[in-house]
Each structure stands twice: as structure tokens, then as C-alpha cells.
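Two complexes are shown next, each including chain A; its partner changes from chain B in the first to chain C in the second.
Entry: the complex of A and B
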């Protein structure tokens, strides 16, 4: 048994050491002009309370929330179609279209969205050509643009998680409801949707965490005007070499993710106990 | 059961919604393809003239070539090590009871929710402290940790679906544990192992945020090179590279779906 678990233990140790390094740096003073941190201090965390940084935290959580909810709404019908389609070729096609973007990486997908959303981009060219608008609509450097691209980035994982939950629902429940005279909308709202709640919770949780982790999308589409914690961490680390402060942002961000995710879990548990099955 | 007009309408609306969502999913890929074949250096729709020159430029660009090579080195190491580590631990999880089992599992799965910039910063600080920064080792170590959860899940699912009576049959006929492992367990696990490795490789090759922190000029991987290019230049070389990327990825996914059955690997087959 030891031989099987030992390499994994080593990896776990490496990860814990890396996270501990971040924690340790977050408690050290910044020495301008030096890469080595100073003595122990709590100053990094008190600095976080400044309105400038507090603003970025609020924006980040708001963007994550918008993205997670939008991805759920857009992803659900697709997951449903993916699980319930009877045609094997259609099913494979849907699956390939859903899964491929997952492995394209953030940079390629963000770049593609720049071409779609830019002032000389695809959408604006069509709108101008058709005479719907006279001036290009500003999508770049807006929260809307960032969220649209982030929804696209998060979609595959949401659909996969929803599909996993939907595929494990016993269809006899649905048939029972149908035979008792419930219409398709009622069957969906009272049977399928409640039974897929574990997938919804897993999907929203993961979408939230992944959005929190996004860097290239807010960086390139937000263009400095829409900032998330990831952008601030990078900027602090590589523009001003203030690694202690960057580390304190990471620690606070991680704590925030854990709080939000456990709140989501708790809320979903309440939902499950309230709703009759 | 005869379908009413209402149900047919509902079905039609449902299909329309799904088609619109699929349109949203493929829109960026379609647009980037049009842009890649556009002859002009400045983005314009619809393109006036077509050409392949951006593909030639992208292939010739030194940073992309280096990034591709570095990416292959990092991916080959990290996905293979992650596969070995993940498969062994999945086996231990599935077959044995041991102390801190859940703790180790939790730590190894945690990169699914820990932001990549945090993991990247951690490895950067760690590497600087032991003087390993700017080396492939730290990039590979970081990637192993990041892709391990996916390998672990993939192998664990196939282990759980494996019928252990084959192993018992082989053992009762006198096969040694090693022989059972090599002739029964591993071949039965092969689809899970291959898909786990493939997922790990694709994720590692595309990993960007953490790579941005841990790579140096010399070890920069392709996504980092692409990011730097997008920040500096606006010509469609990047679109051409994106098209090659999308085509290669889609081909791999179609292959994986045909030979491994993605539905089974992702655990999204309708059970009843």
C-alpha cells in the first residue's frame, strides 16, 4: 500500500509547501527594491481594507456570481439536450462541441472573443453594416464583455457537471409524473429540476471557483478597466515586485472562495430539506 | 402517445434554444477562422481578400516555435508523472484503508478550487527559495499538481466500474499478485488510463495562469508565448495559430470520443 500512496503523498506535500510559502509571504513586510521580504507584519492585510482593493474584491465576487448564474442558465438546456438526445451522431456532435473548448485554454478563447467583441470586430461590423448602430458598441473593457467571455470559458465544465447529474436521474420518476397527467413543463419543474439539484450546486460551485481563477480573460478583455483579484496579484508581483502584498491578496482570495463555496453548499442543503421530494 | 400542438411547439422552442446556445459556443471559433484567412493585417469583416500568409508567419515565429517545444517537454513529463502518481493513488484509494486517506485525497483534489494564480505564486516563491526558479523542474512540478485531480478522477471512476471477480479468478488459478496486475487489472483499466493521460496532457499543454508565474523566457510554454504576442501585436498570426490549435484539439477530442467513449469517461451516460 505504501508504494502506491507514497508518490501522491510527495505531490500533496509539494502543494502544501507552495501554499504555505504564499501564507508565509503574506505575513512578511515588503522591502522596496528587494525580492526578499522583511520581518513579520500584519500590514499587508490592513492595507487590503483600502477602498481601492476592497473595490476589486467586490467586483471579483460580483463577476464570479454573474458568470456562474449565466453559465447555469445557458448550460442547462445544452446539458439536457446532451443527455436526452436519442440520436447517437447528434449526441457525439454535441459532446465534441461542448468538450473541445475545455481544452483550448484561456488564451485562445479570450483572443477569439476579442475578435468577436472588438470595435472593429465581428459583431460591430455586422451591426454597422446593417445600419443598426452608427458607432461601434463598446464591448471591450466592460464588465459585460468580460462576463460573456467568461461564460464561454466556464460553459464546458458546467455542462459536464449538469449532464452527469441529469444522466443519473431515474427516468421512472418522470414517467410516473407523466402518467399521472403532468405536462412537460410541470414534469420538468417538479421532478427533473429538483432531482438535478446536486449537479446544479456542483456546477455553480465549480463555475464560481474557475471564474475566480481566470486571469487572461479579465486582463485582455477588461484591459485594466475591469480588474479581478488575479490581475491585481500579477500586477503587484511582476510590475512592482511586491510579492508579500500579492501573497496576502491570494490568501484573502482563497479564504473568500472557501467562505462563498461553503455558503453555497449550506444554502443548497437547506434547499434540499425544504423542498419535498 | 399522440403529441399535442402545445408539446410540438415546446419541442421546437427547446431545439431553437439549443441551436442558439451551440451558436454561442462555436461563434468565436468560426470568427477566428475567418480572421485567420483574411489577407489584411487589420481586422475587418467581411474580408476583402483571402490568404494563407498568417499561417506561414505563425509557424515561422520563433517564440511560438520555442513555446511549442517547451510546452511539449513540460506536458510529456507532467502528464506522464501525473498519470503514474494518480493511477497508483487511485488504486490505493479504491483497495486499501489507510490513515489520512481523506486528507491526502482532499489536498490532491484541491487545485480544482484553488485559483491557479495562487498555486503559481506559491511555486514561484518556493522555487526562488530553493534556487530552482527558471528551471523546467518547477514548471513540471506545478503542472503535475494542477492536472493530478483530473487523472485521479478518471482512473478512480474506471477502477470503481472494474469487476474484481476477474482478478479473483486469476488469483485462484495461481497467478501472482504482480501477474494479476499486469495481465488483468492494467488491461481492464487501459481506457481510463489513456483518457486520464490524454486529459492531463491537454490540460497541461494549455495551462496558462500558473505557467505565467513559474515560467521564465527560456521555459515559456505556448500559451504564455501567445499571451505575450496578443499583448504586443494585433496581426492575424495569432488567429492562424488559434485555428491550428482548435483543429488539433477538436481532432483529439473526436478521436477520444470514438475510441474511449467520452460519455463513459465523463460519467454522463444515461443510466436508465
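Entry: the complex of A and C
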């Protein structure tokens, strides 16, 4: 234990120091034209309540929510197939597809999505060619486009967490339910899904937290029209050089993440209680 | 017991009586290259307790899974209540199944577990509660409704599993080594209890085990299986007293193998010579064997007796050990002439121990006409 105490303390100290610096900055006044902050003030936080900024917070939570839920819906069948499939080739193909996003750089991945979603992109070309639409469908610079790309980012972690939970469910539970007369849908809803809840909660929580700090994806695909907290921080910090206000955004974002995650945790506790008959 | 079911109506159904409640017709199942079941046929009567017994890998669990519908056969057909089940999914088969690890739903309490099958069938809440209460009373777990599976002992979990399987009045009850996780004392009492409930409800039961004493004590009939085939099907007495081949004779109960010689056939009996002694055995398995051919005589330990070494006996040997078992004594004897392995002689009381100490030379005689012989 002792061997690890020193490096652990060093890391913890570094983290705390950085956070303290940000917190400190968030409480300082902005001096236009200067990189150095002024005196202590709470103005940065009251400014956050202005509709312009509050909107970004709401959008961010909404995008995170959409992303987490969509990833869950797409990821669950993948995780299930990954765990239960008897076909080795299918399994390894799935694993490769699912894990690849982890190894693509954020910019490369996002750029690929621009190629797919753009007005002259892959999807629109096909839709136009088949005559399904006359005008290209606007995917770029929309919440939809951003969520699609973010789902791709969070898919690996979601699938891995769901697969871990699903692989711990003894097959006999499902067989028992079947023997008692439950069809496939019922078995899934009453046995498999409830027993995989720990994985669902872990996956959704992680996807949510991960998306909350997304930057490159909303920046490139949202193109300024879909803004998340990180994009706002970037604009304020590096376009307006308003470091104190950017810091207050960071602090509030962090607080919001913690609040949302603890709410999820609370909800999962309620889910784990015994279902009455 | 009328609370629990219209079980009786089903019992007297004519179709079930004629065809057998469960039938396997030349059922074959392969897993890749290996043949797990090789043309197995069997008919199980309504209300019968049928045991599938055999070493691991003999196909008994595969057969049970085929009956449950977790696997589908590669050949032959499976009938439950006279209806072909090959393409009927598990959830439409009206079976009750008890799993080796009980598989109680951990996210539901006892009542929730037991009520599951009723809920699926759309039984109204009031009726459901009544039947759950009745079946929990039957397995002596009244008042445990609100416990979770984790709060129950192994034996209690097993009772819940049994209640859950029985509450739906299954056509057939399938038991997959349900006692293997219990300690010895609990196992014995649970066995008695299970059998009592099974008789009371008259539910057709298929029971899988590799424990031969369990099979002998519980079954109406049992099927001894090995390598994907049924070696012998019969009542426990038939199997124990008239095993049809070497495998069955040595798998069920303890058996001593003595080297002998076929001397002749007298009607339905064959005469086997062992040393100066002649032993009568059923001639069935020896029908095609030439006179004076070497045969192996299988004798149960309780059908051998010790005597003074000077007497004319089947064989002689040296006592290696006495094992006192309370009600009886197991005596192990080294005996080069007639048997490769040590002989086991089981005698009531402890007279044998006091009369012949370890190392003493004794004579061994066959005391009963229940021996069997195989080439």
C-alpha cells in the first residue's frame, strides 16, 4: 500500500490544484483587454442565467440524454448478440465493429461523419439517387447529426458494459422463465432486462458523462449551430479571452454532471429493489 | 389438494394412458461430430417417476433438454400428452422444470417467483394469490412470500423452485439433478418430500441424476444410459437384481466380479463353475456362449459370505480391512485366484470383524441365486 501512496498523492494533488485554479478563476472579475483577472465576484455565475448561456446548458443535457438513450437502444442488441451468439465469426465481426471507434482519432472519426452526413455526402447521395428525396436532407449542423456522431463515440463503452452485465446472467434464468410459459419478448422484459440493469445504468451513466464534455464532434458537425458546454467554453476562453467566465462554465458543467450522475445512481437504486408480485 | 389443480381430470385422460404421458421415438441428437443421443425410445406413463441415470456425458441431460425444448432433436420425435412436440417452443409445452442451481429469479421475492408462471398465463390476481399460498403450503414454506431468494437456505430455495414449477400444473415435471447442491442429510429429507408431493399430485416426472442410490430410492422406473443409448429400462429392483449387461451391473450398486466358467444350461438358468462351487444364473446374457467359456460372475456384496478357509468355497482370500458402517460391516478381501480386484463382502452385525481379524485367510461363498454372469 505504502509504495503507491506517494504517486497517488502526487496525482491527487495535481488534480486538486488544477480544479482549485479553475474554481479560483471562476470567482474573479473579467477585465476586458487583459488576460489577468480582476477582483473576486459572483457575477460570472449570475451571468450564466442569461437565456443565451442557460440555453447551452439545456441543449447539452438534452444532447447527452438523447445520445445515452440512443446508444443504449442500438448497443443492447449488439451486446446481446456478442454474448449469446454461438457463431464465432459473427462474434468477432461484431467486436471489431463495436471497438473500432475507440481506436479512431476524434477528428478522423468526426470528419468521416461529415462525409457521410453532408449535403453531398453518402446518405444524401443515395437518397437523391433513389429519388426518395428531391432536396438533400439537412443532417449537418443539426442536433440529429451531432447525436448520431456522438452515439458512435459512446458505443464501445456502452456495448462493453452491457456485455459484461449480460454475460453474468445465468442462462437458466431465461430457461426457467421459458419453461414457465413466457415467450421471448416476455422473457426479455421480465428477466433479461431487469437482471442486466446494473450494466444499463453503468453504460448510460458513462455515456452521459462522456458526452457531456464532448467538444470536437459538436464543434465540427454542429458547426456553431449546435453548441455544447465545451464549445461555449472554447469560444469564451479562446475567442473572447474571458477566462473567468469560461472557468465559471467549467465549474457549473462539472457540478451539473455530478448532479445528473447522482440522480441516475439514485434511480438505479430504486430499480434494484424487489419487484412485488 | 383440490386447491392445486384439476390434476385428476388429466390423470384419467384416455390418450395419456394409452400413449404414455411422455414419449421419445428414436430420438437422435448430435453436437457437431459427437452423437449425444443415438435413437433413444422410451415411453413414460402418466404419474410415473422416471429417472434417467448415467455417468456424465451419457446423454441424460440432453434428453431432458429435448423434453423441455431447449434443444431440438436431429431425428425422431418427442410426444408430450400424445402431441408431437418437436417444433413446439418451450413456452408452449406446459412443463415445469427444476434446475440444478434452482434458477430462482433474484430480482423477485418468493411470491413473485412462484406467481410468475400464473402471471404469464393471465391468471387473475386473487386466484394467483390463492394458488401461490396453496403451493407454498404444500412445500411447507407458508409465510415466506416476501423473502428474496438470497435470504433462503439451499433447501428452502429448492422448495421454492419446486413450488414455482408445480403451481402451473405442468403436464410433466422435469428435474435436472436438483439435489446435487444439498448436503447429505438435507438431501435425504428433500428426496422423501419431493417423492411425497409428486405422488400426491400424480405428476409425470422425469428426473436426471448421476447418483445411483438416489435413482434406486426415488424412481418408479429408471433408464440407465451410457454413450447416448439406454442400456436398460426397468424398475429399480429389476435393474439392481437383473442388470442386463456389464455396464449396468457395475454402474448400479456395488458389484464383485468373479472369474468363472460356463458349465451348462438348464432351462432358463446357466450353471457357472467357480472353483469347486456351481452357481445358477439367468441364462439370458449367455445364450450364445460356448460351453466352458470363461465368464465373469457379478455378485452383490450382500450376496457373498465369509466362512472358514478350510471349507470348500467359491474362492479364498485374505482380509485387507473391515469397515464398520454401523448397521453392517464392509469387508475388503484380496483374492488372487478368482478376481482381479478386491472383493467386497457386506455382512450384517459385527460378527465378521471379531471372528476374522485383518490378515486372516477366509473362504468366500455365494449365498444367493441373484448373481448374473456376462462374457
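Side notes on the structure shown:
Note that in this section the second predicted complex is superposed on the first by the 274 of 277 C-alpha atoms of A that agree within 3 Å, B and C clash if a C-alpha of one lies under 4 Å from a C-alpha of the other, contacts with A are read in each partner's own complex, and residues count from 1 in each chain.
Definition applied: contacts are C-beta pairs under 8 Å (C-beta built on N, C-alpha and C of every residue); 3 or more make two chains touch, one makes a residue touch a chain.
Everything numeric here is computed off the predicted structure, so don't read it as measured data.
When the shared chain is aligned, chain B and chain C each come close enough to touch A:172. In the superposed pair of complexes, A:126 makes contact with chain B only, with no contact to chain C. After superposition on the shared chain, chain A has more residues touched by B, the comparison being chain B against chain C.
In the superposition on chain A, A:163 makes contact with chain B only, not with chain C. In the superposed pair of complexes, A:96 makes contact with chain B only, with no contact to chain C. Of the two partner chains, neither chain B nor chain C is touched by A:224.
Of the two partner chains placed around the shared chain by superposition, neither chain B nor chain C is touched by A:38. In the superposition on chain A, contact is made by A:77 with chain B only, not with chain C.
Looking at the shared chain after the overlay, A:181 reaches chain C, while chain B stays out of its contact range. Contacts of chain A with chain B, set against its contacts with chain C after fitting on chain A, overlap at residues 170, 172, 183. Those residues of chain A that touch chain C in the complex are listed here as 170, 172-173, 175-183, 186-187, 190-191, 194-195, 272, 274-277. Across the interface of their complex, chain A is touched by residues 68-70, 89-97, 99-101, 103-109, 111-112, 114-117, 119-121, 128, 132, 145, 148, 164-165, 168, 174 of chain C. Per the touch definition, chain A reaches chain B in the complex via residues 1, 3-5, 7-12, 14-22, 25, 35, 74-75, 77-78, 81-84, 91-92, 94-101, 103-109, 111-116, 118, 120-122, 125-126, 152, 155, 160, 163-164, 166-168, 170-172, 183-185, 205-206, 209, 212-216, 220, 229-230, 233-234, 237, 243, 246-247, 250, 253-254, 257, 261.
By the touch rule above, chain B contacts chain A in their complex via residues 6-7, 10, 14, 17-18, 21-22, 24-29, 31-32, 34-35, 42-46, 84-86, 88-89, 91-92, 96, 98, 104, 107-108, 110-119, 121-126, 128-129, 141-142, 144-145, 148, 199, 202-203, 205-209, 212-213, 223, 226-227, 230-231, 238-239, 242, 245-246, 249-250, 252-254, 257, 262-263, 266-272.
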